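Take a look at these structures.
Both complexes below contain subunit A, partnered by subunit B and then by subunit C.
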Partner chain A sequence: MSNSIERPRYYCSLGGALSTLEALPDTIPILHAAVGCAGSIAWAQNGGSGLQVGGYCGGLAVPSSNVSERDVVFGGVDRLHEQIGTTLELMDGELYVVITGCVTEIIGDDIRSVTAEYRAQGVDIVAANTGGFKGNSYLGYDIVLSELVKQYVAYDLPKAPKTVNILGIVPYMDAFWRGNLIGARRLLEKIGVTVNTFFTNEDTLDNLKNSSSAALNVVLSDVYGVDAARTYEEVHGVPFIQATLPVGPTASAELLRAVASALNLDVDVEAVIDEENRQYFRYLEPLADVYNDADLQKYAVVIADVNYAVAVTRFLIDDLGWLPVLTQFTDVLDEETQEIITAKLRTDDPIPAPKVVFDTNATEAIRYINELYPKQESDKYAETLTPAFVIGSSLDRSLATKIGAGHLSVTYPISNRAVLSRGYTGFAGGLSLVEDLLSAAVAAR
Partner chain B sequence: MAKKIKQIAIYGKGGIGKSTTTSNISAALSKLGYKVMQFGCDPKSDSTNTLRGGEYIPTVLDTLREKSSVKANDLIFQGFNGIYCVEAGGPAPGVGCAGRGIITAVELLKQQKIFEKLDIDIVIYDVLGDVVCGGFAVPIREGIAEHVFTVSSADFMAIYAANNLFKGIQKYSNSGGALLGGIIANSINQPYAKSIVDDFAQRTSTQIVQYVPRSVTVTQSELQGKTTIEAAPDSEQAAVYTALAKKIAEHEKSTTPAPLDVAELREWAKSWADQLLALETGAVTSVGQSI
Partner chain C sequence: MSITEVREVQKREDRLGACIVYGGSLCDIADKGKKCACLEDGERSFSQGSICLLLPGSSILNTIPDNVNIFHGAIGCGAPSHSQNANTRSGNVQRGNAVRDAIWVSTALNETDVISGAETKLYNAILDADKLYRPKTITVVATCVPGIIGDDVDGVIERAQSEVSARIVPVHCEGFKTKIWATAYDAVYHGLAKSAFDDPRFDDPIIKDDLYNERIAYERAHTVNLFSVSSMGYADETELTRYLNALDQKVNAFPNFANPDEMYKIKYAGLSISTCPTHDDYLLKHLEDEYNVPYVLKHMPIGIENTNIWIRDIAERLGKSAMAERLIARETVELEEALAKYHPFFKGKRVFISAGEFRALATANLLHDLGFEIAGIRSFHHDEFANVEYEKLLKNTDENLVINIANCQPFEEANLLNTIKPDLFLGHWNGNSTATKLGIPSHVIYNSGLAYLGYRGVFELARRLYRQLANPAFNRNLSRHTRLPYKADWYDKNPFTYIKSGIEVPEDFEERSEVSK
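Now for the complex of A and B:
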């Protein structure tokens, strides 16, 4: 049976590459794509990234070769050449990156010969083959970052022993990308590490240029950013570690320990963790009584991309004390990755582990829930999914309504929240997530 | 009611004599009194050369490259005996999409209803080698040609290309696409060559429309930039082409071929290789006896 795309939770690899570049300071993306690609991506972003879209040279103002039939037949390289020329003339940037769409990839336009010509004239320009059919927007992030690592990042720099790069938080696909990157940076700074996050307002393009001097890449994802980290390793000899997106005290403490160990830091990590925990729990103290009295503990259904599905489920189990019953991963993942991720959501007795499913179609969630809680003639003595809470995207609000649960959007697409600086990483990020979950739980009062 | 225009497409492996055969069919048809258009669908754009005294004509795509709006009349050039000649053309080798170019060129003429305006009786599309992508299958898709003929010699690669074409025809046959008229067996001089193409036709449920022998007359005519019909109208070879043209003009009913799958085709070729080897070494077999 064919599987229709119901409620897509990502866009194409060209889109992922474009939004990644839009997030990078002083960087001008140049699409070599058909008319309409940039617009479609802009609207998808607009509707799904917590009201964030575009910026300078982004959204509907992105330079694009807008190839048409004539360019398809004769090749679009001349059109691209012209587009780069006019973009250099009109747009104010430091780095230019050409990314391709399906049409120009299918006809095999040699974009690298064009960018090489401009590079020979001293322009900082990079080419990335991101044809939309290659995969989804998460892949686009990895493709374009890998090309930046190969074509833009400086070679043969002396190593900075306490500097790390953060990878794996995908701008716009994670609406909280800025807050999350800053959160990860603040967290690691507490153990004396210098952190490159590339995309925030605290970063410059030089951070990217010099990122090969880092002693370590920290990939805060089980999937995203791994290709880019491998490219760093192969091309610039930067090793990498992978960690769960550090949401809340448990994951944050684990990350601090992992980074300190990978860098052989002479720091009392446990003292740092103790102090962070002290502050975190001081905030929670006044909540504790009402949490119990007002019955704020919930059964949770988590439907999210791999970063949030793991991080949020773990946070609920390890830190908040909610009971995740179902965690649905909406990414396309191979079996090996599925096994690794499933292992991450195991629990020790007596804490129940959630049912883990890998299904890109989130409308199936209700079926999984019904399997867990079969319909009874009377609910009087049966175990039911109450009180429940759905943590997912805006698309999962209808599920929450159907099962009478609260709802919070944390994963793409998020169309019912405005997100600017908010983030969930670090100890402080955990507090923000508690606030948001409990605020949603009591919103009807 | 407008008269029905007969549209046929001729496919075959590159270098097999497709354009030579097509041009001679066009020339013979025009001598028989039909108004003919020959539409070259090959980026090499030399299909109509021998109808134009060896001269190349500007192609549809060359013209489109220079102008944003193109009139079909500017793309049509008359050749031998008033035959209308069109060349689709294509991008420079290695860039762009030649398949899309063919689609664009065919659509342009179709949109401007040029066949009706010129009161053409028969349009012949001369399409390059293999059906490598959707673009080169355009003439056999719905609403363009009705009948397809393939030029093939007894060489395995030519038959392989013909078999691929049959797959294309079979694919589009359920959606109103063109059907197969038959095989024009080219360069058939040796008896075993005839047996090979006959066997292939039989296995794929099609027919041989005409056996065309290899002839020095064709070469002589082409060196003068002419078709055999024009340069040597009374030759035996011209008679063969005229007979072929008549059959095509009268051809009404095409069928869906039954292409062999790759393994079958290889097995079939191997069995012929064994038989030819046996023939060479003098072994007497039933096939050897018959030829």
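Now for the complex of A and C:
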């Protein structure tokens, strides 16, 4: 349905920008928007981000100009000017970032002239045009990061040859953002790399400020973070590589090799990978009996955003040994990206490749499944989708019920799990995913 | 003129003179409430993000079975539905239905739509939704963007209506147009009254027996409409229904989880009953004007005394006062016995409350009856309906009690809580983290999965508050290791520093709040 998107599994670019800023240390977002935007985003997090809402300055505590009908007629610049002034008086932060909503974007308020005035007074303040009609929350992440790269990140720093920045994991859209960033960090630290993850408890604003000194940006996504990485490249000359979100041993090993190669590291990467594999499989070892006795291998349906759809499908094929039959991407993606992604989900004989569909409407999944498993004249010897497992969002529980499958929420919206430090990246993250999948599969045992 | 003849509802600032900015004492607000219906509204030179009418609007619409909610706007506007969906799922299960998710779609307006208009997109989205989901109703929630670019949403709906089988309900929720999100209730009721109250086509029996008219009259005399606010869940609905059944009444619960095919029935009830005066006046007046359904709209059945007078008011209208007195006597004796063990524990503990005005005030009176001392109240807006509740509160508390009217604005709350240091805090959904980070035991003031209303609500709330106070380790521990995003000197300033006009902050305010400590 190109005229509408069913239960969009993201919010708007303002929401994505706000969530990104809420996750940055010591950062005060300033919304130049209508009164309800902050609340809508808080509720969206409340219902979809694994019970996490806001952060240091988030939820209903974010400063917002709350423009009204009068501002729509006369312009909201004066109101913004006043709001920034009082925010600086009252809110305790190191960095202030003004982001716009639909209303102020349509009426054409020149926010940059206002922030320029404050910047001239020595305030660390950044402006980003994020009006919600520009796109979804993933775009908002890229818009606001790109503006930070241009307006806040320091220029002309000496290069740190073994430092990388991680991009592509979007706070709150990925409920596991903290665990996933830490997982990626721990993984790359194994090969002696210093890692900036910007948003975790181990990061400071200085990491962001000095991030232009990094030798490489590592975008752990096929789509998210790419614009920000391009901005780094254009503005600060930091090159970037793209990789699949590294969930489990195979993808993690590939990432280690790719980063070591891009940085020309003098490290025995294969030895590091061997050691990580040794530890991973020591954990897995005692599962050998029950995994087989209980017949825990499944057919899988994956319905997710770009990061998880690729990473989980590959993990199931390459590491766990399940058989994904359908992978549905719920993001809006252009044809070129669709082709690149489809190529990533190819399999070698005799593993059947999953049917790959790009459709924002997840209730259509049952139609795709029915096409794969058409009704048979006699069902005595029919091929059926059993035993099956659905990996997606909490909205895909109804599909799992309909086809008699197990279910795990890993992608937005996640209303039925509490997520704090958990993550699925790295070798260790692969173990967590095995635990969660199998726990769901044996919940009634 | 009937409300169904106008396109959009009036914002509540204009219709009721509702306001969102005030800081002062109980005595002042009660006094001003007496003299004029409302306060003159002010503005803040610093403000924090809040909610708009879209949120309470969609929270009702998402519960309606066999409805598709079309958010006509940018892609994020319907996103709160992800949270509200939990209520839709559990509410269905509680009512004995299969678990099901709300259905909503977004027209996901982009830059091209902003420039060229999005009427065609909306038209097609309505047709698509009708084909794909076969809903009974399609509610079209119009948001800020179509409001500014000037889409004729009602015109599109009129054109699309003849093409689809669902009834299309326009709900205007342009967030920038009103500061008072309670306007949402009017907007939802307006849309439903306009499009969803038609009688079924083949309702009249072909053969009417001799007692037909008598039976219709009997039905009417024994059926009431119970208006369920979206913040009350099934537990509260069944509790209130229990009293109405005891008064020999059948109940049409409306609008939450109301079947669109049966909505018309509320036109034929003998009485409409509000559970929250701020919520319902718009529709109740319409039902009286157009369909001669009288209404009761004065008290909210939160707390023992309020529940008693809520029942008495209804019983009086039904001519069943004697039955009501027997019910009240039996219920209150039983409840008081059950509560006795909690009184010593709660006695003298100081509580701060923050919520929608009527709910906040009614809950304050309830907590007073449980033995708490009221230390401060924040209400999200102020309107004339609450004056009766302020009067009750004056009897129960110090007239210097701090009253703050704010559409959330947790910075004022942080300042007040830091000064007043209450033993307990009750706040709105997504409004408890300020108190929590200050280490104050806190409890949500509404949650559609929990009981708050009527006699059972008093007991269940007491049980939950006991639990919170018995072990507040979560909040206490969090407060030791986290902090609020305000500068240290904020806590030394007058909490209403950023209220810049309209409202006079009394000069002796700080002394007064010292006194009330």
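Here is the rule we use: the second predicted complex is superposed on the first by the 439 of 445 C-alpha atoms of A that agree within 3 Å, B and C clash if a C-alpha of one lies under 4 Å from a C-alpha of the other, contacts with A are read in each partner's own complex, and residues count from 1 in each chain.
Keep this in mind: a residue touches a chain if its C-beta (ideal position, glycine included) is under 8 Å from a C-beta of that chain, and two chains touch if they have at least 3 such contacts.
Please read these numbers as outputs of a predicted model, since none were measured by experiment.
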item: Subunit A as common anchor, with subunit B and subunit C clashing or fitting; value: fit
item: Angular separation of subunit B and subunit C about subunit A, which is computed from CA centres of the superposed model and rounded to the nearest 10 °; value: 60
item: Which of subunit B and subunit C A:443 touches, first, second, both or neither; value: neither
item: First (subunit B), second (subunit C), both or neither touched by A:106; value: both
item: If touched residues of subunit A are counted for subunit B and for subunit C, the larger one; value: C
item: Which of subunit B and subunit C A:82 touches, first, second, both or neither; value: second
item: Partner chain in contact with A:42 - subunit B first, subunit C second, else both or neither; value: second
item: Contacts of A:91 with subunit B and subunit C, given as first, second, both or neither; value: second
item: Which superposed partner A:72 touches (first subunit B, second subunit C, both, neither); value: both
item: Smallest distance from any CA atom of subunit C to any CA atom of subunit B, in Å, after fitting; value: 5
item: Shared subunit A contacts, counted only where both subunit B and subunit C touch the same residue; value: 69, 71-72, 106-107
item: In the complex, subunit A residues that touch subunit B; value: 69-77, 106-110
item: In the complex with subunit C, residue positions of subunit A that touch it; value: 1, 3-8, 10-15, 28, 31, 33-44, 46-48, 53-54, 56-57, 59-69, 71-72, 82-83, 86-87, 89-93, 101-103, 106-107, 131-137, 395, 398, 413, 415
item: Residue numbers on subunit B that touch subunit A, as the complex places them; value: 61, 64-65, 90-92, 95-98, 100-101, 104
item: Subunit C residues within the subunit A interface of the complex; value: 45-55, 70, 73-86, 99-101, 103-111, 113-114, 121-122, 124-125, 128-129, 132, 144-145, 148-149, 175-177, 179, 181, 407-408, 410-411, 429-431, 433-434, 484-488, 490, 498
